[in-house]
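Presented below is the structure to which this report refers.
As written, the chains take the letters A, B, C and D, and residue 1 is the first residue of each chain.
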Amino acid sequence: MTRPFNRSAMRRVAASLMLSAAVLGTGLTAASAETLRWARVGDALTLDPHSANEGPTSTLLHHVYETLVRRNTDGSLAPRLATEWFIHPDDPTVWVFKLREGVKFHDGADFTAEDVVASVTRVTSETSDFKGLHTAVAGAEAVDDYTVHIKLNGPSPLYVQNLTNFFIMDKGWIEANGVQTPQDFKAGEEKFTVRNTNGTGPYTLVSRDPEVRTVLALNPNHWDATPAVTEIIYTPIKEAATRVAALLSGEVDFVQDVPVQDIERLSNTAGIAVSTGAENRTIFFSYDMSSDSLISLPGDNPFKKPQVREAMALALDRDAIRQVVMRGQSVPGAQNVPPFVNGHDAALDAYGAPDYDRAKALMTEAGYPDGFSVDLNCPNDRYINDEAICQAYVGMLGRIGIKANLVSQSRTIHFPAIQNGQVDFYLLGWGVPTFDSQYVFDFLVHSPADGRGGWNGSRYSNPELDAKIASLATETDLAKRDATIAEIWKTIQEDRVFLMVHNQLLAYAAKDNINIAVHPENQPSMTTVTFK
Amino acid sequence: MIAYILRRIVQSVLVMLVVALVSFSLFRFVGDPVATMMGQEASQADREALRDRLGLNDPVIVQFAGFIARAAQGDFGISYRLQQPVMELILSRLPATLELALISGTLAFVLGVGFGVYTALNRRGLLSGAIMTVSLIGVSLPTFLIGILLIWIFAVELQWLPSFGRGETVDLGPWRTGLLTESGRASIVLPAITLGLYQMTLIMRLVRAEMLEVLRSDYIKFARARGLSDRAVHFGHALKNTLVPVITITGLQLGSIIAFAIITETVFQWPGVGALFINSVQFVDIPVMAAYLMLIALIFVVINLVVDLLYYAVDPRLRVDRTAAQH
Amino acid sequence: MTEPLLSVRDLRVEFPTRRGTLTALDGVSFDIMPGEVLGMVGESGAGKSLTGAAIIGLLEPPGRIAGGEIRLRGERIDILSPDAMRRIRGKRIGMVFQDPLTSLNPLYTIARQLTETIRTHLPLSEADARQRAIALLDRVGIPAAARRIDDYPHHFSGGMRQRVVIALALCAEPELVIADEPTTALDVSVQAQIIDLIKEICAERGAAVMLITHDMGVIAETADRVAVLYAGRLAEIGKVKDVILDARHPYTKGLMGSIPTLTQESDRLVQIPGAMPRLSAIPQGCAFNPRCPEVFARCFVERPEPVKIESGRQVSCWIEEWKVGHG
Amino acid sequence: MNRIARAWDSDIAWSFRHSPVAMLAALVALLIILSAVLAPWIAPHDPFNPASLNLMDGFTPPMEPNAFTGNVFWLGTDNQGRDIFSAILYGARISLFVGFSAVVFAMVLGISIGLLAAWRGGWVDSLLMRIADVQLSFPSILIALLIFGIARGVIPPAYREEMAIWVLIVAIGLSDWVQFARVVRGAALVEKSKEYVQAARLVGAHPARIVLSHILPNVMGPVLVIATIGLALAIIAEATLSFLGVGVPPTQPSLGTLIRIGQGFLFSGEWWIILFPSIALLALALSVNLLGDWLRDALNPRLK
């Protein structure tokens, strides 16, 4: 363990500042080997496990709550609270889960099939942000203490893929605290579950100060192997420079969101190691392509014109963004799905060079020779250089006459605005925890109805496509299903529902005595961390 | 004396009422709470029901009375952003801000008075000139830039002091303090300097100006004419007379330190009410904004009252008309 | 003839300003005999107060003594070190300022200010100093001195405060008291009392008085001799009786016209048309030439030096020069 | 008027000629103000026109050719390929525009309120001065933030960007009027009781006329001092608000925004992005502050 501060240097500065040594002390306590001080840009939005389907929130929750299955870094599924799962031999619409025995919740309650049933009920209720993953669910049934049947509306061979962020809560605890429904995050609801947890996970919640720090301690009764990290201090640090400074000065051990510009400096710093890898996440623009009138352009909607959408695509210089904004830390593409997800098609993902002349011609053709003016909503604390990407694109759009007014906001405002249909044109990132394109379709492409399309900010609505998307859930013939997926992607690309920018590459930086691998879903688990 | 205090208290209550009105207006008229709490797809009936439930259909005066009654009990509702009772949030962040404000305030006062007296007594000295120039640079450098500079030098390059947060904290009942741990004490150094520097230059300039004014006064001239030593004149007579207005103004500055902490807290990721407020402004988290406003007003009113009493105690002339004594 | 207590010779006081050096006092010479009351009269800006300040070494910078000498019992005091000069102030030369309301430090009790001064100059214990202070206050006519000594200045009326100031000036038994317009700021009804007090108490202690005033009436009633200043130069000096009855300088003659208006507050001499020139615009030759009713050619060319016309009587006027030369 | 003219003729000019610091400060301030005003003509690029930017120019170090485009920029470029030198000129333009407008706004407001208070007296006076007292104890940055927050709630998102700069001006201006009001009220109270004003009133001269012709000239000195120091404060307030991310939009960076952007590149070697705008901001604020300081001393002979 390196000591973060030099003691004699501390005294010198103390003396020079004319402060008494008593006030200052003689140095900082170095973290003990078991504590991992983890910094990232933002905090979990809530601790309610079914309230916000959002990466950082799930990442933190995975340490406290557990899922039935977990995903290995290669995309395959591994047992967690479920030891076995299979489609019922007699009924293709029923999934059978055999549960792990002897697991206890943090409050001491036993983990049983009833808990899974209660959790299914909760995650499918109206205020759940994950209900889009469970649209096929008709009901759950506890067959015995350690067997659960989840009944679906039709056969759904891939349903289990949707369960990697499905956290199991304790039935008794739910009832005792009256939290049968998830916190309504969009409406800013306050609930007991927002700051109190009772999971089965490897860590228990010690304290939570939203946006300040969250402390987790090892759960001594956990069923799995004891991890090396026994305490986690999770600190959101919004300012990139402060985050890097904290690592450089030794105040944190692990920075999950390393600004791309600092990768080089950190790599060259003794005692700090940087690891990079591809993330299961695409960054894309989208726009309201169905309303007749835009919020920022009342009475008109240029995005309805295919030529405008094509012109906007032609104006996007992905390579420049990769080179300058991302400093090479991205994989540009044209299909809004990461390469390792089922349904990715290299042909669809190929992108061309920008063509501003052609784009301008298309704008004229569409009836906008002088362009138009519209708001571009952008988060500034979620994705790598999100605001800078938007800003760069504003410049590119300017060259074809589109004046985009950048409205750059925190994700806490940006996301509800998209979900509430209050944006015309926006940047969003999307990861695919199921490793299957259906996840993208369900949330981003399907019309906002039937529990699907919750993040469909483009308000794209294609009944024919909706039907195809709905069929995916129950299609058992995988070859046929893949063909449908390819058809859907073809239509999406033709209609230009998304303006894909790139796949994010991740960079983690940590003290070099800490082994931590980049997680493709950017959901690193501290249980896997080892010390050198 | 009693009448005087009573009068001041009544005035304080009036000030609080005015601030409460502003707070309430924020609540009531800025950002429709119904629109904030419900999505686009909510039906008209749902909206009406919510309006009714929130009491938004009552006469405004009734709503205001309700607001005051709730505010008096510390109930400012739930933060739109953090889904937590506002009062709870503010109380949990307040110790961090108060510790920072008190330490930087003390730093600013001690150094400010020291430098101010020195530069007033040695008006034409080289060092005085240097101090005055540096202080002007201090006033011209925005706080955030000073903070960045300090982080860069002391946290990153020299690695002497932490760059963010409060370090380890210890809970003393509801009060979470960082002053009892080494890392907590080390963490407060840079933010306290950043926050105190500007206030220090202000106090220094104020002390210098007041002191020069006092040194020109008749009673100082008369004290010299009586043959008192420079020491007795400067520190026995001039300093005390200088400090009377300085203390009152500095007392009021404490309120502004708490508010100026907004910037410092942002730069240093200091988990206080200032950082909470700035995030709330960006989010238009009205309940937190309103409560913060009331809190600052309350602190102001209390400090004002204390300063008044202090003034009453220090200045035998019992100048009741404080406004005339202020500058 | 006895040695003068204070002897001023060719005193020259200058103020360097950005537009060149202003000469505020030029060639002023006079003596004060032990126990004598010398009145110093002139309009505002004539240099009366400056003379007093120069004597006790409290010229405000950048003003400085540029020439001449000041002797106290034969010893040069204008070239003493600041510390040596400080020991003379209050101890050997006491001073009473114009405004008793501002001459006392409002934050300290009368007792504290008196004992502080006494103990600076006399080797007394705190208790003895206090006894002496009470006796002094009693002497200057403060009723119930033993009780009131612990009051603050603002507890006293203007006249009472001036009595306190006088007590302060006298508390170390000085040989000379410089009273700079001691009654100007006071109510007309108490002016005479204060003047009487000064005269009486100084006589009693054998202290000489330099009484600075613009009021010829006060001079007439109080002083033994009078010095008339005009534009920083001595116009005429002599026994009060002589000067009043037989003013020689045209300016003094005009001044005498103002005696009957004893009760009238007037800083201007209505009898003489025009105003005293500003220091930066003193005309060539005799400074009084623009206003002088008896002016003639030489007055515009050469400056008249003081002419001794009889024992202790000097006039700076070409007419007198001419008379002496032709007498 | 001739009072000002006379003052200018004599003391001020003299003191100015003999204060190298004041002259240097004036020179620097003038230089920055001039180049800001003339930015559209002298800046090599237009950093506010996103369409004119080439992203590939991004992160070019000062005086070195860009690796891809070969373009050379005096002070380098930022992450969007904006020429730092041009951005500073335009940024200073915004800072100064906001600063001047806010001060003028505060001045007009403060003078009006001060005169009103003095003229009406009675409860109007007490009320206005009480408000001033209360407001004075709320730091300007807080009031500005509050106004900004309110504006954010009231102005529809679509107009926020256009309104941002005006919101900023109003926010800073509203937080700064008290000083003006106090000085003007004090001076007006003194003048009000003077004979000529009473006489003018008796003759039936319009109060506004009396005020404008008699009282205002008398307070020009202190008002000028407050305005100068207020300008420095406003510039810093604008930079601070922009740094906090509540100021002008990122596509139209002011000096504060540039510093905020540059802060992200403090550790990655692109020092020029934060350094040059910081120097510009410091030079501007310092020179204005020095001028204000000098002006205060020059107009207040007692302090000499």
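Points worth noting:
Basically, a residue touches a chain if its C-beta (ideal position, glycine included) is under 8 Å from a C-beta of that chain, and two chains touch if they have at least 3 such contacts.
These figures come from a predicted structure and were not determined experimentally.
Per-pair counts of C-beta contacts peak for the chains A-B.
Remark: the per-chain Cα centre closest to the mean position of all protein Cα atoms belongs to B. Averaged C-alpha coordinates give centres for chain A and chain C that are 89 Å from one another. For the pair chain C and chain D, the distance between C-alpha centroids works out to 52 Å. If each chain is reduced to the centroid of its CA atoms, chain A and chain B end up 39 Å from each other.
If you average the Cα atoms of chain B and of chain D, the two centres end up 23 Å apart. Chain B has residues 148, 152, 156, 266, 282 in contact with two or more other chains. Residue positions of chain C touching 2 or more other chains: there are none.
Shown for chain A are the residues that touch two or more other chains, namely 239, 241, 245, 248, 422. Residues of chain C that touch chain B in their complex: 56, 58, 86-91, 94-95, 97, 99, 102-108, 116-117, 120-121, 152, 154, 165, 168-169, 172. Those residues of chain A whose C-beta lies close enough to touch chain B in the complex are 4-6, 9-10, 12-13, 17, 19, 23-29, 46, 183, 185-191, 194-195, 209-213, 235, 237-239, 241-242, 245-246, 248-251, 409-410, 412-413, 419-422.
Considering their complex, residues 49-53, 55-56, 58-59, 68, 79-81, 157-158, 160-161, 245, 249-251, 263-270 of chain D touch chain A. In the complex of the two chains, the chain B residues touching chain C come out as 217-219, 221-230, 232, 236-237, 240-241, 244, 314-317.
Remark: chain B residues 36-40, 78-85, 89, 92-93, 148, 151-152, 154-156, 158-165, 167-168, 181-183, 185-186, 189, 193, 266-269, 271, 275-276, 279, 282-283 touch chain A in the complex.
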